[in-house]
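The same subunit A turns up in both complexes below, where it pairs with subunit B and then with subunit C.
Then we have the complex of A and B:
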């Protein structure tokens, strides 16, 4: 599937911000945002997050409970920081009706599909429609085609992703959680697109 | 974990409240509690007014000389202390306070009692690599503790601990089986399964209570995420039908029929003793209600019913032979373990049962090399007892030893018959004697609560050793 095979590939990227849970300050310079991940099961949602948060999956680490909730802070060039609180959701069909509980109040939704699976692309479109109907109106949405490393098995054309995202005013990117391609770019771009509270 | 580093300072809070300069705070708190007790229950309004009271008081603490120069953590801790104090006092007034909630509790409880008879992990998309029913018992036990506590935070911690256990088990399973690290695709189904099997009484009311009365500023981040998962599990379970668990319509109906027959046929005997819905709108631990019902339904059965797992095991054996026609399968080891656990958790002295196992609540950091010998001996003892018990019961031992060996459990046979002794907390409304009363009830609260915090909060680690049994004991 996705990222387990890349365990050995240590990525030493460090963002220099420990995950402190008790940061009280959320001002114009230090945002704290809720990001919800949606997408079919098996598209690699949790792998993307693990790549982003740890650079790799470290099986010896006991610091957190799996990958369904993780947080990571990134620093932007304008010296602001964004702390992402990443909420993973179960992608299986039988749990679809529960998603609103998770995306309620989310500032960002990342909708993930697998470029080797047209079904997962249709599912992604379903989520986009759902979010447009029920998500908060100013939610920042990103469409992510994951498993870009499996280009030889590709079944969803890059252009299809681009077109769909454009039509729905979303940010689009193809990533590989396995090779870490575009993972940081995804979150950095999201951070840039966040509405800023007016400077105090 | 949210607040993991903030010791819940109820004592510290009460100490400060005893300072002369805190007299205004004491007055406000007392009058708030009194005014509250005079109103009729209205959950939404109650929630709003309590949330507002917490916010105002916390703002006032911040501005008061008593907390001058204190860190954010200390202020946070004062807020926790206030929340715990107030909610413990108001618990009986606001918990499951309206008939609708009580009814939903009952319905949910009954549903879970039925579904747990036939649901399989596959029905929920739990892949074989991540299936581990024996170890999930540990998570069930955490969740079943939810009715042992009154403060919203303590209840929430039970949910979080349950989630942590699941998370650790999934993590271990993924490492062992070389699967992808677990995400929500793996986590939520297991949480639903564990919830169904644990079937804690009054789950719906517990969740509403946390949602309404945990101060909103503290129901954020990771805690909010796992709490949402629990709400999500409740919602899924409430709506289970044949399609939701990929079961053929007729098969589903047949299973439901069978489960109903099984439950009514066995009445309370081989079921968890809390099966007859214990009591509504009251203190969830008032055991006597359950006992009376059990008694009434089973006049011919001996009172051993109320004892802990080992006794329960022999009991079940007896019942199976008596009622063979009704029971189509011998309860599995995990059912027994589960049953024992839920009985154990209803005991006031549950903690004492575990004092014989000094390492149960240690975290990795607490241990030294010198402990290895002791630990190994402990382990061997447990394995031996467990293997013998399993043999005696005619089931094959599994990889995970239950935490309650026979002899220790029997020590508690008598004590468990005694009624719960923490009723006075709710009943105690003698506010004139505020300080003494406070001290009094707070001690009771903290006996449960702070012990819990100490033992449970380092759960990151405390859980790890349990979860690690598969991978690390062998190495």
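Then we have the complex of A and C:
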């Protein structure tokens, strides 16, 4: 009689095995992600990062030379945590020569433009092309129109951003580092779109 | 001199250090701890420098008098300057803190000087006038130029002339090797010559300058250098490593960079004039597009350079703008690159505008040649060199970083590009700059970076992931307040890192960088085409510098040029573009003799062919280098893959172990089952045995029962017989008693006995019947029970 019940217990353990692997592969629950910010100079890349990581906004932030690094961890609703390792790159065109150093191996690229500057929007398109050519093939890309608080000076229509993002299978959002609008949403949405190791 | 103003900044709302630079709040406490040490160090070094300068002034009396002789040609308030400076040195740092009334005024003056360009012009002597009537009021000689632009220029103080001379000779030597840079620049900027007839004068001026300074003085210097200057040089090196006093820093830096020799009179002013002309005109040619781009970028970056720094007010930022624009004009192969804004800003805090310009020119053109150009080639090369040095010096640390997937260049790149500005505390930045400018090359960059790695490597090794490692290093570097420790570790610990060694490593790594750059250029042709003249000029300067000038005459002898072009297929398109852009400005004055040209061009053709051959060879070399790189890259990838696989194996092993455990458990269960089975089997067998025994018993009982029944039947028979016998006997007896009829008592006894016998028989009969009816359908056991009852 007792033997039958012990077999049942074994079975349940066997069923539980794949689950326990999920727990054991702790990384499925705690993701680490290299993220790189690209975009024209002065569009607010550093401000977006500072807003996201420190919750601060400095209207007179200083020029980024080379690149700077910050990291931030967020928790999602499904109780996974995502640690973003953020490389904020210099915006000037010639620093593009150094950009591959930072976007190589990045899982996420956030391409930022300034909604008041059509130049910065075309620069963003350059970055998207560059990433499609040289970035890792499964990179998650987001197109971000920053300075949404300056809507009265807008020169890039929302629809243009949406269309371009859609064409290139990117996630699109307009943010304002100044008012903190959509900043957390941007990173949360990115986190949701990350390929999960458990799915593979 | 505006650095004097730094003392007044303590009550500024954001936290700032004594230089007026913003402090990160988390380091404010550390800074306060160190500010006392800084003050002590400052006092000490003021004393040291003062005695050194006095000593040098004495020992080089003849040369300095000679120098004064030259100076007298351009009369100035040297004596007064000297006096104030000696005063200042004597007072040392204490005057900074306690700021007596007198110095206070002086400080205000100097602040005004930096800030209020136009307003103070009234007080200043006009550049060419040799009267200098208001010298007493002004330390700075200024030059007034059309459009109210005032450029400020100050001669280096006489007490520093000894240092200045040594350094200037270095600049000259360098210049000779590099083929007279400024001259070259003039050639590359034909528009200067056109728009500015004055430029011709300034060019002559400069040549004169170089000549007069060059020939007699050089010789004199060389004579003196070995016996007399050797020991001061060593001593100076030690002093520099100990730090330059705040008050002297601006001027000492100029001396280090050799500003006096670099300077070309009116050059800065002309650049500015040219800039203002071209910014007004709306030219659309390639070069003005590039300038437009830089202008825009500079405009964006000006407010983002030391934001909130109290000395960089509106006027200060105007100076910054002018300096950067002038530099872009001066060297279009660099133009403007982010990071330069910080350097220019720092220099402007320490010296007048034009001095800052020439210092800046020295740093960017000489010390950091090729660093901030469009392709940033040298800065990429230096990163590879640094990585190699790291691997050599800190193999463990680099291994750990490799393991975490951190590339050294991620961190060191920004360090090098910003020359540590905003990366380490300001006191340390300035101390590093002291040494770097003194040494005249980038060795100190490497030594400092290595020192930082030495200081913080042990902490880095404990980190568990890439993010933590980088964050930790950034924050540790940002807390390097012990500037003396940093500089001494750098200078003493890495003596083997010399310019020669670095050059060797650079040669080794440059090909791979050039390869990548070329690759990008080829792929991104469309993108690159939109780039301005600058990048074209740059690529020319680097592969074909002399060709540019030499090519101009080929417009005349086009045929030969065509041949040339076919020889240089790959470059020809570039040349065309360049020539087109140059044609816009260039004038073909007089055609030289055509035949000479043909001969000359033939020679040139041969030379180019040879160059082509060597280029092909080099290309092959580069290819092998690339293959190696790719291999290395693959190796990295492979090692990452191996790691991944190892992890997988570990996981699988774990799974296997668990499986085994389960198997064992299953086995146990099976065994238990078997045992159980055995037990049941035994039980069954025993039960069977029992059954057999019981059957046997039943059988036995049946037999007994049969016997019993048989015996009962026999008994009945006997009873019947006995009855009949008894009846017969009774009949007989009754017959006899009738006959006798007397003994009555005896027959009564006999009846009683008979009754008993009959009663027993009846009772028995009834029982037997019921027993028989039961036995037909009852179990043996019940039968046996009956039997027992019967018994």
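Assume the second predicted complex is superposed on the first by the 161 of 200 C-alpha atoms of A that agree within 3 Å, B and C clash if a C-alpha of one lies under 4 Å from a C-alpha of the other, contacts with A are read in each partner's own complex, and residues count from 1 in each chain.
The rule is short, and it goes like this: a contact is a pair of C-beta atoms (placed from the backbone, for glycine too) under 8 Å apart; a residue touches a chain by one contact, two chains touch by 3 or more.
Given the structure is predicted, the values throughout are model-derived calculations rather than measurements.
Novice: Looking at the overlay, does A:101 come into contact with subunit B only (first), subunit C only (second), both, or neither?
Specialist: Once the two structures are laid over each other on A, A:101 reaches both partners.
Novice: Regarding the shared-chain residue A:85, is it in contact with subunit B (first), subunit C (second), both, or neither?
Specialist: It touches subunit B and subunit C both.
Novice: Figure out whether A:49 sits in contact with subunit B (first) or subunit C (second), or with both, or with neither.
Specialist: After superposing on A, A:49 lies in contact with subunit B but is clear of subunit C.
Novice: Does the superposition put A:126 against subunit B (first), subunit C (second), both, or neither?
Specialist: second
Novice: Have a look at where A:116 lands relative to subunit B and subunit C in the superposition and call it first, second, both or neither.
Specialist: In the superposed model, A:116 contacts neither subunit B nor subunit C.
Novice: If you lay the two complexes on top of each other, which residues of subunit A touch subunit B in one and subunit C in the other?
Specialist: Residues 2-3, 21, 24, 41-42, 62-69, 71, 85, 87, 90-92, 94-95, 97-98, 101-102, which sit in both footprints.
Novice: So in the complex, the part of subunit B that touches subunit A is made up of which residues?
Specialist: Counting only subunit B, the residues touching subunit A are 1-6, 72-73, 76, 124-125, 163-164, 166-168, 170-171, 174-175, 178-189, 221-222, 225-226, 228-229, 231-232, 235-236, 239, 244-246, 460-461, 464.
Novice: In their shared complex, at which residues does subunit A touch subunit C?
Specialist: 2-3, 6-7, 10, 13-14, 17, 21, 24-25, 32, 34, 41-42, 58, 60-71, 83, 85, 87, 90-95, 97-98, 101-102, 105, 126, 133
Novice: Residue numbers of subunit A touching subunit B in their complex, please.
Specialist: Contact set of subunit A toward subunit B: 1-4, 21-22, 24, 37, 41-42, 44-47, 49-50, 57, 59, 62-69, 71, 85, 87-92, 94-95, 97-98, 101-102.
Novice: Which of the residues in subunit C come into contact with subunit A in the complex?
Specialist: Checking each residue of subunit C against subunit A gives 293, 297, 300-301, 303-308, 337-339, 341-342, 372-376, 379-380, 405, 407, 409-411, 413-414, 417-418, 421-422, 465-468, 470-471, 474, 517, 520, 523, 527, 651, 654-655, 658, 662, 665-666, 669, 672-673, 676.
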